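In what comes next, chain A is part of two complexes: it sits with chain B in the first one and with chain C in the second one.
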Partner chain A sequence: MGSWAVRRTAGAVLLTLLGSATLVLLVQLLPGEPLAAIIGDRALDPVTEAALRERWGVGRPPLTVLLDFFANAVRGDLGVSLSEQRPVAEVLLGRLGPTLLLGGATLLINFTLGTWLGLWSALRRDTAGAKLLTGITLVSYAMPGFVIGLLLVWLLAINWPLFPAAGYSDPLLASDASAWTRTGDVLRHLALPLATMVLATIAVPIRMQRSAALETRDATWVRAAIARGVTPSRVAWRHIWRPALGPVVTLLGLWLPMLVSGAIFVESVFAWPGLGSLIASAAASRDIPLVIGAGVLLVAVVQLGSLLADIVNRLLDPAQRNR
Partner chain B sequence: MKFTARIGVTLSILLAAVAMVGPWLVGDPTVASGSDFLASPSGSHLLGTDPFGRDVLARTVHGARVSLIVALVSTVVALMVGVALGVLAGGHHNPVARALSHFINFALAVPRVILLLVLVAATGRLGPWALALMLGLTGWPTIARLARGEALRLEHSGFVTASEALGASLPRRLLREILPGALPAGLVAATLGIADALLLEAGLSYLGIGIRPPHPSWGGMILEAQPYLAQAPWLLFGPAVALVMATVAATLLGEALRARLNPVQR
Partner chain C sequence: MLITRMRHAGVALCLLALAPAVLSAQQGTLTMGIRQDATVPVPYVGPATAGNALVTDQLFLRLTGLGTSGSTVGDDVMVPELARRWFRQDSLTVDFEIDPRARWHDGTPVTARDVVFGWESLRKPVLGVTQAPFALIRSVEALDQRTVRFRFHRRSSEQVYVAGFLVQPLPAHLLAAIPADSLTTSEYARAPIGNGPYRFVRREPGQFVELRADSSFFLGKPGIARLIFRLVPTSDAQVNLILSGELDVMTDAPASALPQLSRSTTHRILHSPGSFITYLLFNSRSPADTGTPHPILSDARVREALTLALDRNRIASTSFGPGAETPRSLRSQAWYWLGGGKDAGRADRDRAMRLLREAGWRDTDGDGILDRNGKQLALTVIYPVQSPLFAGIGVQVEQMWRAIGVAVQLEPIDGPVWLQQRRAGRFDVDIAGAEQDPSPSSLSQSWSCASAAEAGSSNVGRWCDPECDRLRDAAPASADPVVGFRVALERMAEWAPMVPIAPTNRVVVHRRYDNVTVRTSRAWTALWRWQIRPGAALPRDR
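So, the complex of A and B:
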């Protein structure tokens, strides 16, 4: 386990570095020096402009720019955002909280509700309810997050105004409101983005859990347990679900990129002030330092998630644990 | 043929027909009617009109052409790159193949949307062909992974060993023996990838960084519909239904193709 974990972690770090390098080099190597044009288009004061040109290597070899980028990134310096005129790291830090709230809540629901629904539909494979669920997962799989989000806004914020249509908190909230009122306000704003994220991404855990449980459902040990008179719910959780858990945890790693790309569109629909809407608006305003900074952070998050999933999987599977 | 496969094929043919013939049957998507701003669906405008008085049906149908062209062209690009790299990485043993394998794994680890956002930030909004190329050049890794798996399997199969024993050169083995065998797996992955390309193109256009105007695009129409959701929800329904229909069609078509080409895998 020990040496494996070290190797796996080193691999994740390497992939993060290579991914970040790709993003930085992409901009350097595109024809026409795009960054020079973008900097030129903005009316910046000469000092800032000179610093930007120096930093992003207008006329410097791409590899030097890349090494400088890493050297600065290690010190927490990711450059200055063109559109916000503030350090990129500072902008990113301010957006981290809302993204973790939305992403964490989505993960939690998908891996409890999604797992349960997947297991349920595998056990009741031929019932109308399970077939309906399969149909719903197909549609949710095919429906992009931003369309689901807009439909929910239309239904639950406009036709039937239950929840706010956008934002993170009510700007009109009294400044002396209690912590409870503030939390409730954020939760009310969280409702629609969260429902959208769950609907847009839950199809995958349901399908994976379903097919994994369908395989263990007919295993010999399950028949043996039923014959011994083990209660149905214990058979379901202990004998069918437990061995089917591995593939689903592996999925967590593969599924995190989907969550990240989902967040980019869903946060944009609801003007949720997270990293997703940040990178989207940064791309729209062609703020390259900010896009790269946010991109590097998201690549790192995806790698970290896949690393954690692999480690948990290792711990879950007795056959692999001691290797 | 399974029922879902039939739906997939029918929907695909229908959409392709709309994309090819439709633009001649509906009006000009860029012409404003002059007086009917935000008109609700009626006999003269079946899906209503937008804030500029343009016909939503005409824009949806023209959008179909753009969306499908982008999705198909990008998928062809991704298929060619993916199958070529997959076969080279899996069809033989040498340092080049190993390096390519690592490269494919690495490419799979970088989220596609982030690459696209960085690209678009650097280049600005693109026309349909350039966007299709970008989508294709970021879409090959899943295809390459499957093609590599298939090539690895074939490399150890009897007929490839036989052709090696008969003195066939490595390029010949790769091209004549392994490529034809790895192609179906790549084709299935590519068909399923059409749905991803459709959604990404629409998504980027929704973020306001997709296809450059004046080409009507479903994602762009959805973006324009958002401020008018309360007064004119029909602006959302046309493009949203079209987009979901196209994605479902591509997904079902991919599943049907998988069932056809690989009966063992269900």
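So, the complex of A and C:
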């Protein structure tokens, strides 16, 4: 297990480096005005335009850009964002909190409530409750996230103003408000985006857990456990749920990047200051340093998610653990 | 005696009754939605985005402001801001005297040196400031602590406008030691110290910018104590925040949301003349070879026919709502002070078809598309894919031109690629929009023979009419500059290089505000005069 983990981690690091290098090189090939974020369609005289291009390093050979990127990245310098006029690392860090909150809470609910509901509906396969749950989850999964978001805003922010319609925090909150007040305020703002994200995605872990649990339900070790007189709840959680967790853990690993990229449409509906909308606007305005910085972060998170999923799967499955 | 005392008591009671109203009129909050973050709200230093401009206008004053007419011609049309008066020394020299009460927010007096520093800063290429508007200025010199002298290259009725409105002072005592290429990332850029009615308090990147009224502002105490500019990038989210009562002001409300917003009991919609202009630009050069005339659009009859085929009124109202106009030339509503020049905007398909027949275009093969010498009358219309507004206009244009036998291919292009493609002149028709500068002289940047000859200039349609150039350039120094500009614009209209639509500023405002003024150019420079109506304050205003 130990040597496997070292080899697997080294592979993940290598893939991250290769992915980052590919990204840096590919971004150089993007068509369009590289200083669109700064000059837009303004008329600039040739001297001014040349000075701007030199300052922002436009037109350098791709290999130079790549080497400079890695040399600076080692020092934590990912360049300066054209649109934000701040260091890229600082911009990304600023968006990380809202992103982790929304993405993390979504993942947490999806993989706790989702797996529990999946197991519950597998154990009560033919009951009306299980069929109703399947119907509801399929309908919510079929609806685009932004439609669910708009419906929730209309219902719970405009008609019954229980929650804020958009934003991450109340800008009118006093600067000396207590930590509790601030936390409560952020949670109120989180409610509708989180509900939207969960409604739009929870069907996947439910369905996956349900089908995995249905497969293990008829396994010989389950029947043996029941014959031995093991209690139903122990059979459910120990003999059905645990072996059926593998596919869900793999899914969790693949979904980790959602923590970083977020859900662009949900962020757009709720003006949630996450990384998803930042990446989308950076790409649209050709804020190349920001696109590269965010892209590298995504590559790293994808690798990390995949690595964690593999490790957890190995820990859960004794057959893999001893291989 | 008793009567006098009772009168005094009555006056005192009245004053007591008025006191809360007066108090509330000097307090309160205004929350406005912005679509682009105010990343660096400092003149010349930050990227020239709408978000930066809006916040900059609250933090920084100019030497002079625009008057209510919005006119830029004449020495007396501008109103004092940082400069309390100005004196013309001769036809090429104007001195501005800075108001001794004017202070930077750190308490340092605004001086002539700050004006010179602002001028020197804007000329540094690394800051990327468009230089064309300043071409009139020859030099800027501090005569003493409070007097700054502008010398000009030539006579012009716009000298005071160019010097007083376009050149903004920057705090030399804070910025002189910072290299120009480090200004945008400096600590000053993160927490700017200005000289305007509001002070910078904080910015939460990606969320909001907060400003506080400067109670010692020398032109008077601002009516609203706190301004919050909330970053809400999409119109839909802004409309939701208006409907839920969390936003006080929304700019550029989409036409599709106006019916819903008009039913609001808490907000009202204000249509005021604006400086935005949208247009369909006809390329005068061939997209395949910009050295040769456009094979279809260089014919004036075709351009006129294409214009007449459009129900511009319908396009204007469906895209921008009521109040949008169809001017005869490239003239936003900010240039109302020029007078004249409105067009009926109705479609005249019969005349359009006649003109096309005269130009040799006929449907010889019966496929519904006109052709000439075996070539179809087909045009490609480009626009940035990020703009749903332009997409909507494009669809209407396609249908209306198709009705007279013109094949249209709509080509939505990713924004930065669209910028590159239009600059290279690779299009037939381009849908674009711009905030017009207050002065019609600014047309020379994108609508002159000099800019047509310059590679990569913003004259992307390569339009060139030497006579129009002559009329426009002569106007500021003529006996009647207003008439001069009007004649130049009429000349431009005759050539019809584009089909313009001039929308209003569609502003949604909470009903509790009084003294609401939205200016035609630099719309939010009068925000500091807004007030909360007595008795209408909300809990969040206290």
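Following the convention adopted for this analysis, the second predicted complex is superposed on the first by the 284 of 323 C-alpha atoms of A that agree within 3 Å, B and C clash if a C-alpha of one lies under 4 Å from a C-alpha of the other, contacts with A are read in each partner's own complex, and residues count from 1 in each chain.
The rule we apply is simple: a contact is a pair of C-beta atoms (placed from the backbone, for glycine too) under 8 Å apart; a residue touches a chain by one contact, two chains touch by 3 or more.
Computed from a predicted model, the values in this text were never measured in an experiment.
Novice: With the two complexes superposed on chain A, say which partner A:299 touches: chain B (first), chain C (second), both, or neither.
Specialist: First partner only.
Novice: Touching A:158, do we find chain B (first), chain C (second), both, or neither?
Specialist: Both partners, chain B and chain C.
Novice: For A:271, select first, second, both or neither according to whether it touches chain B, chain C, the two together, or no partner.
Specialist: Second partner only, chain C.
Novice: Tell me which partner A:84 touches in the superposition: chain B (first), chain C (second), both or neither.
Specialist: In the superposed model, A:84 contacts chain C only, not chain B.
Novice: Look at A:179 in the shared chain and tell me whether it touches chain B only, chain C only, both, or neither; answer first, second, both or neither.
Specialist: neither
Novice: Just to be sure I read the superposition right, which of the two partners does A:284 touch: chain B = first, chain C = second, or both, or neither?
Specialist: both
Novice: Answer with first, second, both or neither: which of chain B and chain C does A:147 touch in the superposed model?
Specialist: First partner only.
Novice: Does the superposition put A:27 against chain B (first), chain C (second), both, or neither?
Specialist: It touches chain B, and chain C stays clear.
Novice: I'd like to know which partner A:19 touches here: chain B for first, chain C for second, both or neither.
Specialist: A:19 contacts chain B only, not chain C.
Novice: Of the two partners chain B and chain C, indicate the one touching more residues belonging to chain A.
Specialist: So, of the two partners, C touches more residues of chain A.
Novice: Which chain A residues come up in both lists, the one for chain B and the one for chain C?
Specialist: 30, 34, 38, 150, 153, 158, 268-269, 284, 286
Novice: Would you tell me which residues of chain B are touching chain A in their complex?
Specialist: Against chain A, chain B makes touches at 106, 109-115, 117-124, 195, 199, 202-203, 206-209, 222, 225-226, 229-230, 233, 236, 240, 243-244, 247-248, 251.
Novice: Along chain A, where are the residues that touch chain B in the complex?
Specialist: Against chain B, the touching part of chain A is residues 15, 18-19, 22-23, 26-27, 30, 34-35, 38, 138-139, 141-144, 146-147, 150-151, 153-154, 158, 257, 260-261, 264-265, 268-269, 279-280, 282-284, 286-288, 291-292, 295, 298-299, 302-303, 306.
Novice: Can you list the chain C residues touching chain A in their complex?
Specialist: 29, 31, 37, 39-40, 46-49, 125-126, 128-132, 181, 184-185, 189, 202, 204-208, 210, 228, 230-234, 236-237, 240-241, 243-246, 386, 414-420, 422-423, 432, 434, 445-446, 451, 456-459, 540
Novice: Can you name the residues of chain A that touch chain C in the complex?
Specialist: Where chain A meets chain C, its residues are 30-34, 36-52, 55, 80, 82-87, 91, 94-95, 98, 150, 153, 157-158, 161, 164-169, 171-172, 175, 268-271, 273, 277-278, 281, 284-286.
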